[in-house]
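Letters A, B and C mark the chains as written, and numbering starts fresh at 1 in each.
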Amino acid sequence: MAEEIRLMKGNEAIGEAAVRAGCRAYFGYPITPQNELTAYMAKHMLAKGRIFIQAESEVAAINMVYGASSTGARAMTSSSSPGVSLKQEGISYLCGADLPAVIVNVARSGPGLGGISPSQGDYFQATRGGGHGDYYTIVLAPKGVQDAADLTYEAFSISEKWRVPVLVLADGLIGQMMEGVVLPEPIDPATLPRWQWAVGHSVEMGRPYNHVSSINLVPDELEAANRKRFARYGQIKKELLRYEEIEVEDADVVFVAYGTSARVSHGALEMARAKGMKVGLFRPVTLWPFPYARLLELAEKGKRFLCVEMSMGQMVEDVRLAVNGKAPVYFYGRCGGNIPSQEEVFAEVARLMGK
Amino acid sequence: MELVYGHPKSLKPIQTKYCPGCGHGVIHRIIAEVVDEMGLQTKAIITNPVGCSIWADLYFDFDSVQPAHGRTPAAATGVKRMLPDHLVICYQGDGDLAAIGTAEIIHAANRGEKFTTIFVNNAIYGMTGGQMAPTTLVGQHATTAPEGRDPIVAGMGYPIRVCELLSSLEGTRYLARGSVNNMVNIRKTKNYIRKAFEAQMRGEGFTMVEILSQCPTNWQMNPVESVEWLEKNMITFYPLGEIKNTLSTAPAPAQAH
Amino acid sequence: MTEKTFMAGFGGQGIISLGQLWVYSAMKEGLKVTFFPFYGAEKRGGIARASVIVSDSEIKSPLVTSADSVVVMNQDSVEIAEKVCKEGGTIFVNSSLVKTDPARPDAKIVHVPCNDIALKLGDVRIANMVMMGALGKVTGALKLDKLESILKGFFPASKHSLISLNIAAVEEGKKAVS
């Protein structure tokens, strides 16, 4: 039987999706605007006899994830921008040890303490690894509550498949707003596979002892390990790339936007189309890997791009890299916790199109 | 014929990288002996620190997890919570535990996490080359305390007695301080480790054995001098024995008359 | 059909509950919904606001920046209503508390004496439900005929005795604008 539609806050839908994905351990530290998620996990993980710890810091929380993930368990942490900065040390170690993990960032405005309103100012941090060393994390960017639930649910299996942490990059609006959501099928963690790379249960698994570690002081060996990981990144780029296109085919100007900005741009697109303007929307769902090739294809078809972000311009750099000078790339951004209105985005595209 | 000496199964039969006179080798050995004696080799998981004993995974012949510097108790929390029937050994040095990982150890202890911390206190940073540790004694020389640790004028603080610091936390059940300066203390220390491991497997709460250990290289002494220095300076400041024992097996406190 | 509503009042007037019950009702009536409460500096100042969209198609921007309808529950919210209401939109004014109409001659102003009606029913706290009835009736966006089961889920069991009073408030709100 299909699940009924439930009205949920984004933060709660993310939590429920994680519970249903068979998450066995959640570790978090309070920070606005994602507190409902931590509270949801406290209530529902403990009620199911799973692990919930309110950690002493975001640093501790991500390292608890590291420990839990080392045993092969589905483990998760969540935070908002300043807290995600603190987690970067642990994320680097997770990547170095090839451990899966799910990290949710319900982003707020920065830099520094900044504000508690929604922002997309963490794009650079999210898509360039974020911590020290050569690595990437997979980044999924939901555009609403349903999407946040679906992508969080899927994040666990994607992360396990590739042994790369998955960052779900939402923002304060997606975390705080309520929408209808149909939740995915619950998975019983007891039915999930045990992994040969994990520690514990070595006899049952019939394997030699494992050492989960990111250290290697031999340059050639460490280089080889990094190259092997980058070969996997190459496969991820081929197999995981996701984006959504709306009325792109005949468009003269294509909005490029993710998450909340994509929703706003979609509204602006409707306003433009109602006036006969040929406007489309390209929405990357995976921010890493980024759909460079498809944007280049569109550029070669003669389309122009207007990148809309809740930042001073971060993803726009990837769009420029993608089109490689073959098409004009414009930028419209708001920051500081401001969300652009569809009217102002429409006004910008109308100005560009000389309307 | 009775076997009176053998190499522990839980310790690989290879030479360690540790310096002559360093305590880590002995500490590794007594841990491995207890693991063997308890029949827990296949259930043991060690979380290594960052410091000289970062190489523990080369020597212990069981599963290991290597977390970030000082985050060892947080990672051990994650491991033990997922695998409560396993023996989780959280091995830390004085920089890892008492400096960069202070928050993690205090809160893991306070939550009563059911792993065992082995805290190796040699009053100096070993791997990075002899910098001042939180447990460096007043007046003791270090590369970052060239005139000796000076708590007053230079504001370098005082050595931290970790067992005593943690003893006020209700989550801690067993805190003992041993030393590897002689056979008697090695045997006592091994006994503390056994008590802690047994308590862990009974699920009693946070257990820790602090072990005073020599670092001749960074103390700039020969091994014999380093043992003498430890006895004269460290044991007098860091008293040996069970600092706190509220285990279910603890002897009842003497009745007042 | 898409109805974008901006709701504004002060903390304690049940703006958030009003928005949530409006979208719960819309979901029961088969519509897609988005509800976004505003908080932050305004919240500390005692002002509560919500962006609420109900639609029979996919909802694009979740923010109401050009509202089809605006709910103004107190005098201080008149100014925001003047700004956010679209050309020719509808502004619902709680005339029990709001004494000056929004300066928007293009907009349709609907006066609903929410507090007076609520007080007559016996509880001023259901003024928001009176407004919901009026909003449903005038916009035609929602029928608001499935409230009983929604309220059963919304209120804890200890407050189920208040359900009939809430439904009565909604019905009185509808009547007030008929």
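Operating definition for what follows: a residue touches a chain if its C-beta (ideal position, glycine included) is under 8 Å from a C-beta of that chain, and two chains touch if they have at least 3 such contacts.
If you want to know which protein each chain is, UniProt gives these names: A = Ketoisovalerate oxidoreductase subunit VorB.
Quantities reported herein were computed from a predicted structural model and do not represent experimental measurements.
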(message) Counting one step per pair of touching chains, how far is subunit C from subunit A at the shortest?
(response) 1
(message) Using C-alpha centres only, name the chain that sits farthest from subunit A.
(response) B
(request) Could you name the chain whose Cα mean is nearest to the mean of all protein Cα atoms here? (result) A
(request) Take the average of all CA coordinates in subunit A, do the same for subunit C, and state the distance between these two points in whole angstrom. (result) 34
(message) Just the number, please: Cα centre separation of subunit A and subunit B in whole Å.
(response) 40
(message) With centres defined as the mean C-alpha position, give me the subunit B-subunit C separation in Å.
(response) 63
(message) Two-or-more-chain contact residues of subunit B, please, as numbers and ranges.
(response) none
(request) Report the residues of subunit B in contact with subunit A in the complex, numbered from low to high. (result) 42, 45, 47-48, 54, 57, 61-68, 71, 74-83, 86, 103-104, 106-107, 111
(request) Note which residues of subunit A are touching subunit B in the complex, please. (result) 24-25, 27, 51, 53, 55-57, 59-61, 63-71, 73, 75, 89-90, 93, 97, 199-203, 209-215
(message) Applying the document's contact rule, which stretches of subunit C touch subunit A when the two form their complex?
(response) 20, 23-24, 27, 32-37, 39-40, 59-63, 65-66
(request) Please name which positions on subunit A make contact with subunit C in the complex. (result) 5, 7, 115-117, 144, 173, 176-180, 260, 263-264, 266-270, 337, 339, 341-343
